[in-house]
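Same chain, two partners: chain A is paired with chain B first, then with chain C.
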Partner chain A sequence: MHHVLLERWSQRASPLHRRDARAKILALLVFLVVLATTPAGAGAILTTYAALLAAAILIARLPLSGIVSRSMVVLPFSLTFALISWLAGEPWRALALVEKSYLSTVAVLLVAGTTPLPLLLGGLERLGAPRLLVLVAQFLYRYLFVLSEQAQHMRLAAACRQGGATVRGRNGFRAASGALAVLFARSHERAEGVHRAMRARGFSGRFSLLHSQRFGARDGAFLLVVSAFLVLVRFG
Partner chain B sequence: MHIPDNFLSPPVWATLDAISVPAVGLMVRQAGRDLDDARIPLLGVMGAFVFAAQMINFPVGVGTSGHLVGGTLLACTLGPAPAVLVMTVIIAIQAFVFQDGGVLALGANVFNMAVIGVLAGYWPFHVWGATRHRAAIFAGAFLSVMVSGSLALGELRMSGVAMPRPLAVVSLALFAASAAIEGVITICVIQAIEKLNAGYVQKPRASNQRTLAVFSGAAIALGVVGFLVASAAPDGIQRLGIQMGLTAKTVLHAPLADYTTGSFLESAWMRRATAGLAGLLLIYAVCAATARWLVRRRSA
Partner chain C sequence: MTTPTNVPAPLIEVRNLYFQYGDGTQALEGVNFTLYPGETVALLGPNGSGKTTFVLQLNGVLSGEGSITVCGLPLTKETLTRVRAKIGMVFQDSDEQLFMPTVLDDVAFGPLNQGMGEREAIAKAKLALEQASLAQVWNKAPYHLSAGEKRRVALAGVLAMEPEILILDEPTTFLDPPAERNLLQLLRDLPQAKLIVTHNVRLAASLASRAVFFEKGKLVASGSVSEIAERFHWTYSDLAPADLRYSAQRRF
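Up next is the complex of A and B:
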């Protein structure tokens, strides 16, 4: 599954993995803004950005081919709109749309692939995201896998009961909504259990992270150098 | 419909980011106000439920299948403000973990699907939920998907993404079809949930939340505007854009007309950027002030 792979990538060790989440989030934002304001037809700038991303992937010791292929999820959407732009007589715009949307996806994947999500969320919280929002996100991510697996088991069980036949129409609809209702009720009960367990363990209202996150001099230097480079390439 | 990065033009995504941040902040505060400890894990687990629910397929028509989107279901079971919060988290995780939707476009996607989508989806339930239960749920789920879809379409068009009229019509028809499917799925699932335990579904008349009613009304009005923008003739918007661009140009350039130095373009660009930033700050300040006023009035 996709997110399992991402989880494995983010557990590796590299200079990029060690940077503070805040530095990476801010650098990502600078990159995205600079990329978004790059005019269509500025091929040299876009090539430089692509090279920078490739270098960062190598430094992070992530598989280049894996990132390149996973970022293609954006292509169906952008190719459709690019085709329309092309037909409308704006080939430069079409090309820029594909290139820029692809590069931004690679950049987001690079940050997600070098930062475990709990740390990324911790970084967002320190950057000012509301605590409740971040807490809910931590819980959601934690139980995403559990509930997805439960849903898959239910689907498998339903397929077994049907003996390979597909139930269509009204009955199929009723079966699916029943399954969802059961999943809903089980999720509710699970949440109650989770809360009791948390209370028993003395939950203080926030998750504590195993790695202490400190925005050190290296993180500041990283952010400064990356931003300066990006801005220089864009306006220099 | 998750909009990736670089489809929206900078003024469009920046404006929507500036609107979404205070709007979500307001909803988080509303949700936190009457939330006890026990509900925090519940919100997270329910977000995970919406993800997992996408694996259960509903047979729709010939050989195709649909799945639950979930905005209205969350609003009817958790309440509108917590539902906005959970949907925001879902959209953010989709952007970061699944590369579904952009990061700069997060404000736009959150605005379309989490803020407007959920509030528009809750409004019919709030008004008619007690008397016309099924119709209200269907209308809510239909509105939710339809409004967020047409808003996304309108935003893309405002950004100057080429979209011939037939394509816009076909997309709107597709949105209407998936909105109707979402409506039927949501009714079936909510009824099945009520059969298991009626306590899971909110009582629509339990609290008189006027703020939310106002917000939801505004959400629907905005959705209608988005729909109109999306279905209007493209030259209408282009003409508007050109006219606004011309006025901006004459206003900005007239005092500078005599300067022919090399840095002229630079300074014009800087001027436009500064004007844009000032506009964004203004929008953010207005939204934040409105949010604070609403919170204070509610607690007064």
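Up next is the complex of A and C:
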């Protein structure tokens, strides 16, 4: 059985977890916009944003260190661009680039860590995100686990037959490409099977999703307070 | 449960069904079959003999030549939606059937496709989950379930559509003995007529009132499960007490 850390986080209970997905997505959007428009060198504003995120992580009862370390995934990309800016003689811009991209990632992780993916996708759909895009994301998420399990089984089967030897170079490449081809063929077969199962249950091209969340007064108040605070910090 | 003698109107009537796959494989050749209310029929036969292809014809997922009537409705493009509402099909691979992000979403998929409103679909889905003794897993993701739970969720997904006929393709594959027992008990308690594709003669014997045998795309025999199993030597060799003793001595 697989567990994704983000998913485990999203199943916890906290005031942030209880907010409607739409309120969190819109608050995230406001955050990303004010962050992106914050001028380079505005250290105090960025520090306030960082403090706000840290407070939100604590309120959400998520592990601060876990989010801080996982957000570093963006650094290889942002550092590359920062280096280019630095070399071009714009050190403040380089610093802002790293800070902004890092804070954006923390904010995205915070929303994903406090909202189960089905609710997040439902929220996106209700906010007007293209349905096809949402469905593709939903299927990808559902079958990623099945695919990774198949890949693990194949790796295990390969390991059982290669004894203690490590297969590298040309042979390793051949084995990996063969495994990929099999995975692709199986995925295609599975897609046909899924489609068959969908048709058997009356699917005729229109997908109906359940929307279990309701946007309440507390969600509205949350969105309003967070947005007002962010705008105030940025322009106040 | 035996075949009724006063012959009520059949639930499924198949006449002269032929089907060929795109690659030229003749999968079904002149199949005739009738399913009556209250019956549970086991479909036995070797791998590749056309059993699954046959059941996929019954709700129009595949379509060949010949006539199929389901609950008095001739299967055509126009009647397809109504026919699919009457037949609930549980596939061999539960992962293919459970494609929605949560169990509740998945079980409500069929009712929503039947045009029900969200509230009604949720109520139907919850009822079906209770029927399958799965009320406690409604908000779980399918990949967090055991094989037995997945199979029962797949069954709940079709029960929510209130079908008159259940078709189950190898329902006990990958299940451990307790999960198999639970599933068998659940299936026994369901009032619908059932068609069960299986290799498992024990399962067939414990559920089915009749068995039919497929061979090379043809339905070659119909009779009681024991008759069919005996005639086609369709049994696993049982372990003799001597084998068990041998196995116990060899344990390491």
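The working rule: the second predicted complex is superposed on the first by the 196 of 236 C-alpha atoms of A that agree within 3 Å, B and C clash if a C-alpha of one lies under 4 Å from a C-alpha of the other, contacts with A are read in each partner's own complex, and residues count from 1 in each chain.
In this section, contacts are C-beta pairs under 8 Å (C-beta built on N, C-alpha and C of every residue); 3 or more make two chains touch, one makes a residue touch a chain.
All figures in this text were calculated on a predicted structure; none of them were measured in a lab.
Participant: Output check: A:Tyr141 vs chain B and chain C. Expected answer is one of first, second, both, neither. What do you get?
Facilitator: both
Participant: By the touch definition at the top of the document, which applies to A:Gly202: first (chain B), second (chain C), both, or neither?
Facilitator: So A:Gly202 only meets chain C here.
Participant: When the two structures are overlaid on chain A, which partner does A:Leu28 contact: first (chain B), second (chain C), both, or neither?
Facilitator: first
Participant: Using the superposition on chain A described above, determine whether A:Leu117 touches chain B (first), chain C (second), both, or neither.
Facilitator: In the superposition, A:Leu117 contacts both chain B and chain C.
Participant: Please indicate which partner A:Ala176 is in contact with in the superposed arrangement: first for chain B, second for chain C, both, or neither.
Facilitator: first
Participant: Output check: A:Val74 vs chain B and chain C. Expected answer is one of first, second, both, neither. What do you get?
Facilitator: Touch status of A:Val74: first partner only.
Participant: Is it chain B or chain C that touches the larger share of residues in chain A?
Facilitator: Touching more residues of chain A than the other partner does is B.
Participant: On the A-aligned overlay, A:Leu97 touches which partner chain: chain B = first, chain C = second, or both, or neither?
Facilitator: first
Participant: Do any residues of chain A touch both chain B and chain C, and if so, which are they?
Facilitator: Correct list for chain A: 2, 117, 138-139, 141-143, 146, 190, 194, 198-199, 203.
Participant: Across the complex, what residues on chain A touch chain C?
Facilitator: Its residues touching chain C are 1-2, 7, 117-118, 121, 138-139, 141-143, 145-146, 190, 193-194, 196-204, 208-212.
Participant: Residues of chain B touching chain A in their complex?
Facilitator: 4-7, 10, 13, 24-25, 28-29, 31-32, 35, 37-38, 40-49, 51-53, 55-59, 68, 77, 85-86, 88-90, 92-93, 95-100, 102-104, 156, 161-164, 167, 184-185, 188-189, 191-193, 195-197, 200
Participant: Inside the complex, what are the residues of chain A that reach chain B?
Facilitator: 2-3, 6, 28-29, 32-33, 35-37, 70-71, 73-74, 77-78, 81, 84-85, 87-88, 90, 93, 97, 100-101, 104-105, 108-109, 111-112, 117, 120, 130, 132-133, 135-144, 146-148, 150-152, 154-155, 166-169, 172-174, 176-185, 187-188, 190-192, 194-195, 198-199, 203, 205
Participant: For a test of understanding, state which residues of chain C touch chain A in their complex under the given definition.
Facilitator: Per the stated touch rule, the residues are 56, 59, 61, 81, 84-85, 87, 89, 91, 93, 95-97, 99-102, 104-105, 108-110, 112-114, 118, 121-122, 141-144, 157-158, 161.
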